[in-house]
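Listed next: structures, encoded as structure tokens.
Paired with subunit B in one complex and with subunit C in the other, subunit A is shared by the two complexes that follow.
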Partner chain A sequence: MGETIKIDVNHITRVEGHGDIKIDVENGVVKECKLEIVEAPRFFEAMLKGRHYSEAAIITSRICGICSVGHQLASVRATEDAFGIELTKQNRQLKTLLDMGQYFESHVLHVYFLAVPDFVGAQSVFPLISTHKDVVLSALKLKKLGHDIGDMIAGRLVHPIGIIPGGFTKMPTVEKLEEILQRIKDARGELLNGVALIKTLTLPDFTRETEYISMYRKGEYAFIDGNIFSSDKGEVSYKDYRKVTNEYLVPHSTAKRAKFSRNSYMVGALARFNNNYEWLSDTAKTVAEDIGIKPICYNPYLNTVAQMIELVHIIDECESIIKDMLSSGLKVEAPVKPVLKKCTGVGAVEVPRGILFHEYTFDEKGYITEANCVIPTGQNLQNIEDDMKAIVPAALGNRTREELTLDMEMLVRAYDPCISCSCHLLDVEFINDNKK
Partner chain B sequence: MSKPKVAFFDFTSCEGCQLAILNLETELLELLDIIDIVEFREAMSEKSDTYDIAVIEGSFSRDKDLKRLTKIRETAGVVIALGACAHIGGINSLRNNQTREDVQRIVYPDNPTLYETNKKALPISGAIKVDAFVPGCPVDVKEFVKVVKNLVLGKAPGLPTYPVCVECKMNENVCVYEYGKTCLGPIVRAGCNAVCTSNGGVCIGCRGLIPNPNINSQKDIMEKYGLNMDLILDSMNLFMTEENKAGQEQAPCSPMPPKEAANG
Partner chain C sequence: MTTRNKKETLILGVGNPLRRDDGIGPEVIRLLTEEKTKKNRMYELPYDVDLLDGGTDGLGLIEYLKEYKKVIIIDAVEMKLAPGTVKVFTPEEAVMTIKADALSTHGFGIAELIKLAKGLDFNLELVIVGIQPEDVSYGEGLSKAVELVINDLLGTITNIIHPETNKIQ
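Presenting the complex of A and B:
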């Protein structure tokens, strides 16, 4: 074909953080195909060194405003693991609910406001306000529900306050739990309207076999504790996460990359869906069947659909947890105080963008001597690039430069690389502006 | 009179403050009656070459960001530092307690100098003149709206100059010192409605010092309660490493009417 294409997307929009796409095709030969991460390095693992165990979650929360709940959960789990603190049933329920609050916020914004515009040929969610107004409004309502769950359990969803190693500093009230329960029930209908919309979208037909990594705990769609599961290699102890992540550096990305059995692997909603399908709620499975997606699904663009199915599952899960808490009765549980000793612990948690690991080593006074955090987006980067390398040669001669650019942007967005909810909340303002 | 144009920018940060702002919904709507948002990378594709107010989140930690910051300063009439990272260096400045070589070696052991970074992560005032700030990690969105409104009206930002303790008492919390916990409430600027202590936490100093804080007296009180002195000193470094080093007289921690800028 002898095509020559240069694509250089600086600061991809509608993603959290700064990333560039670079594609260079000369005379039909793909010379370069890169996803560059140009974010400033932050040095969190160094900052943690010498800090007291009680500060670890406060510090690591600040890795990301959008994923702060996830970092706090992984941090607290790592500390609890180190000091041998077991989760009580109630503690486990509260942590799971908090995680789910974050899923509401994060998945809803990604699915509705970030990804959907691409699929309906819009530049942003703004045009959807006139064409799909009900959907936009119900998305805002669902997102608010996520925030209110976070507020109820930990004071706020951005950099939560109430979660500490060994427990929580506050308790939800029965009244609040009842209110949230009612809103969760109401949310189910709204979510199913969203599913109906998703069904109408035409997703790019692209598949590439890869490895899927997620958390695994027999009998449940694991969120806050369990082992690691690889679609290639099966179960691996969470303690051995380094054997799975094998982090390495490339010059064009300030984020570390990861690989296990192959050149790259994928984490996130699609990985969880593929690995843990059997533990999804019945409604979520019905929705999946209805949409026509089943494991193992090798199309990364369907990550967005998997997120939608997870939201349906989470609604069911939240409802059952809150009902159980209300019928079992809330107990006052003072946070367990760690007995200090030299120790190391790993926290593995499924956060919206995939499996997240924190590991800390403490000295005998409870100060951190070594810390390691492995971020979901970093684990996905090489997999995204490998997808790009598969898509570009096949597209030569079939897709225009503009079409290919959009394909690439859609691909990156489908992975939900630490997306900022922000973009889309500007939409609130437009909805109302338009009304005036 | 046309509405002032406001542009948002982010540097070394978690972008949580912009997120917090974009979650505020009704208050944001009120704000949009008096301003136009013309640039917000996370939020919209549009960019603008002109704006009256620049709102900057994040710390200054790479020389290569200086050019962009200078351009923002030249373009904007008013520069607002948004959140702890931009205001006082925040959590990023925690690494300033170690050398650059150490932090690079710890995080990127295989190739420590692969990525550019300055010796220190500084507040935005370490790079350009800053006219006002909205403190906190994350910012309190109502306070953000208040500061912007005041600046648009040509008034001082109107931040409280009293400590978090005042708001904590108004919320009828039992003082956490009684529980033997370390708290920076007596020396840290109020305006957050004591959100941390009111949710079972302690004040960790994200909003920076009040003007003329009596730090020695604070240490005395904490010692009187038999609190771990190391933890106290540690917590004062959590968000305020640069502020502590700068001392009390420097601009970043004094109340700043728009024209009395902080400089770095």
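Presenting the complex of A and C:
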């Protein structure tokens, strides 16, 4: 007779949104092992129908406050692709900087505030304040830098307003670029302190071979344009993204799942690291070697480490882009106005959590007749569940119920899923109830 | 953290206007901002008081707390009192529910924000003006109970800072 374990984590914490873990092992046989997504469907694609091309990025940005830049970039890229608008060098640089600003904000938050507490045995970021105060302060500083890069490029980092199909409505000033450049240089040291902390952590030792999917553009660590790359099948045109994502539904999830060559695939920092390692900056490669992570790395828990390495790369990339912009001189470029026609376009962008696709079809007046958005977290769900199915049987007899529950939660958190948004209301109870 | 180079006072309204009474914080900021542009003002604020609608951004607001000597937070607060009741209190006077293990960006609220600011030793004087909501269901617009106390509420807020000493009273 084997073990009988029931795990039911209702609402996994330190992930963005609401998901549950259900595990049922009876007499050593795994009967159920799943990640449930119970949030209401959002119907954004349906909302887009009948809306003008100029509204698409504003609407889709609202899919998420955390990922708003990513959705705007993918949306604008889809519209530009549909109307055949080519990126100028400067437009491409501005978009890349904006994307990187978001990586800063998002990765720093995930690594320092959501994931690291697990590895130091803390329930949240708060115990870290007493043990690693400098790390928390430096995380806040780095996060702010990401925010200010977004402000500089597009007015603000949350639901930006400066990015529209065909270009930007405002330009950064030379003074601002110089200020950000200086802060980026200063941030490098702070980030390396974080790397030193990451190095001391012991991450779960688990590997499972899977397929990694990311953007690909020869000679670059691709962010805002390029094709799709599968570690199994190689390059696929971004236009053929549906052949890669093959979305489908399962009864226990309101989020769609995806599969390509295998039962599941992974997107995100680890997928990019595995597929595009070659084009990481030299410092980022040195950091990776120093930590001891090499491509292809099949341990999903190391997604958090890959995010840290990406941050190092991004510091270098931001520095080189801004230096180039300053030396080439900023040009005033009016946004390109699309010539309206019946058309379809795809935007594929690497956002912090993985490759994101938007696709729109427009009528001859520029109104959307069909829309499709494929979200990184959805693409990862089946892969997470497949990891769970590999971890649970091996853990039987070796891990207690509590340990296994934590293993599962850490696994889900490592993928940095973003499930959705909600409202906050402060709850208090008074100690001395005598104030007016 | 030293107070040198810090700005004086921030009135920070937080909450979600799409959850009815939870929008009282942002509504107060809107009204006080509007008031500034009027010739005949009912409420006067010292020149070095800044106003900010913090929306539902929890963690992001930490940057603002860092910049000021004094912060007055306006928020709908579940105090189990009659709807529309206004209370002024300091963080030390209340047990604020920390959803420590439920922490994500989406779960990072004012209680977490204050705890973080304290832990990081921000040299900061903090006052909360809590308004008991009646209705925080989905939708726009404030309930009658909360709407009725808005004038009193604005008076309370503008009286927190002493006009001469510039101190929180």
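Following the convention adopted for this analysis, the second predicted complex is superposed on the first by the 417 of 436 C-alpha atoms of A that agree within 3 Å, B and C clash if a C-alpha of one lies under 4 Å from a C-alpha of the other, contacts with A are read in each partner's own complex, and residues count from 1 in each chain.
Basically, a residue touches a chain if its C-beta (ideal position, glycine included) is under 8 Å from a C-beta of that chain, and two chains touch if they have at least 3 such contacts.
Values in this document were obtained by computation on a predicted structure and should not be read as measured data.
Colleague: Between subunit B (first) and subunit C (second), which does A:Pro251 come into contact with in this model arrangement: first, second, both, or neither?
Modeller: A:Pro251 contacts subunit B only, not subunit C.
Colleague: Is A:Ala46 touching the first partner subunit B, the second partner subunit C, both, or neither of them?
Modeller: A:Ala46: touches subunit B, not subunit C.
Colleague: One more residue to check, A:Tyr238. First (subunit B), second (subunit C), both or neither?
Modeller: neither
Colleague: Would you mind checking which one, subunit B or subunit C, touches more residues on subunit A?
Modeller: Counting contacted residues of subunit A, the larger count belongs to B.
Colleague: Return first, second, both or neither, reflecting whether A:Gly155 touches subunit B, subunit C, both chains, or no partner chain.
Modeller: first
Colleague: Which partner chains sit in contact with A:His147 here, subunit B, subunit C, both or neither? Use first/second/both/neither.
Modeller: Once the two structures are laid over each other on A, A:His147 reaches both partners.
Colleague: Touching A:Leu137 in the superposition: subunit B (first), subunit C (second), both, neither?
Modeller: So A:Leu137 only meets subunit C here.
Colleague: Under the stated touch criterion, which partner chain does A:Ile66 make contact with: subunit B (first), subunit C (second), both, or neither?
Modeller: Touch partners of A:Ile66: subunit B and subunit C.
Colleague: Looking at the overlay, does A:Phe168 come into contact with subunit B only (first), subunit C only (second), both, or neither?
Modeller: Once the two structures are laid over each other on A, A:Phe168 reaches subunit B alone.
Colleague: Which subunit A residues are contacted by subunit C in one complex and by subunit B in the other?
Modeller: In the superposed arrangement, which is not itself an observed complex, subunit A uses residues 11, 13-14, 16-17, 65-66, 123-124, 140, 147, 158, 420-426, 428-429, 432 for both subunit B and subunit C.
Colleague: Looking at the complex, which residues from subunit A come into contact with subunit B?
Modeller: Subunit A residues touching subunit B: 11, 13-14, 16-17, 40-47, 49-52, 54-55, 58-59, 62-66, 68, 123-124, 140, 147, 154-156, 158-159, 161-162, 168-170, 248-249, 251, 254, 420-426, 428-429, 432-433.
Colleague: Could you please specify the touching residues of subunit A with respect to subunit C in the complex?
Modeller: Where subunit A meets subunit C, its residues are 11, 13-17, 65-66, 109, 113-114, 123-126, 129-130, 133, 136-137, 140, 143-144, 147, 158, 420-432, 435-436.
Colleague: For the complex, give me every residue of subunit C touching subunit A.
Modeller: It is residues 14-16, 18-19, 22, 56-60, 62-63, 66, 75-79, 87-89, 93-98, 100-111, 115-116, 119-120, 130, 133, 136 of subunit C that touch subunit A.
Colleague: Would you mind writing out the residues of subunit B in touch with subunit A in their complex?
Modeller: For this pair, the touching residues of subunit B are 11-23, 25, 28-29, 32, 37, 40-45, 61-62, 65, 90-92, 94-95, 97-98, 102-104, 106-108, 110-111, 114-115, 117, 137-138, 195-196, 198-201, 204, 231, 234-235, 238.
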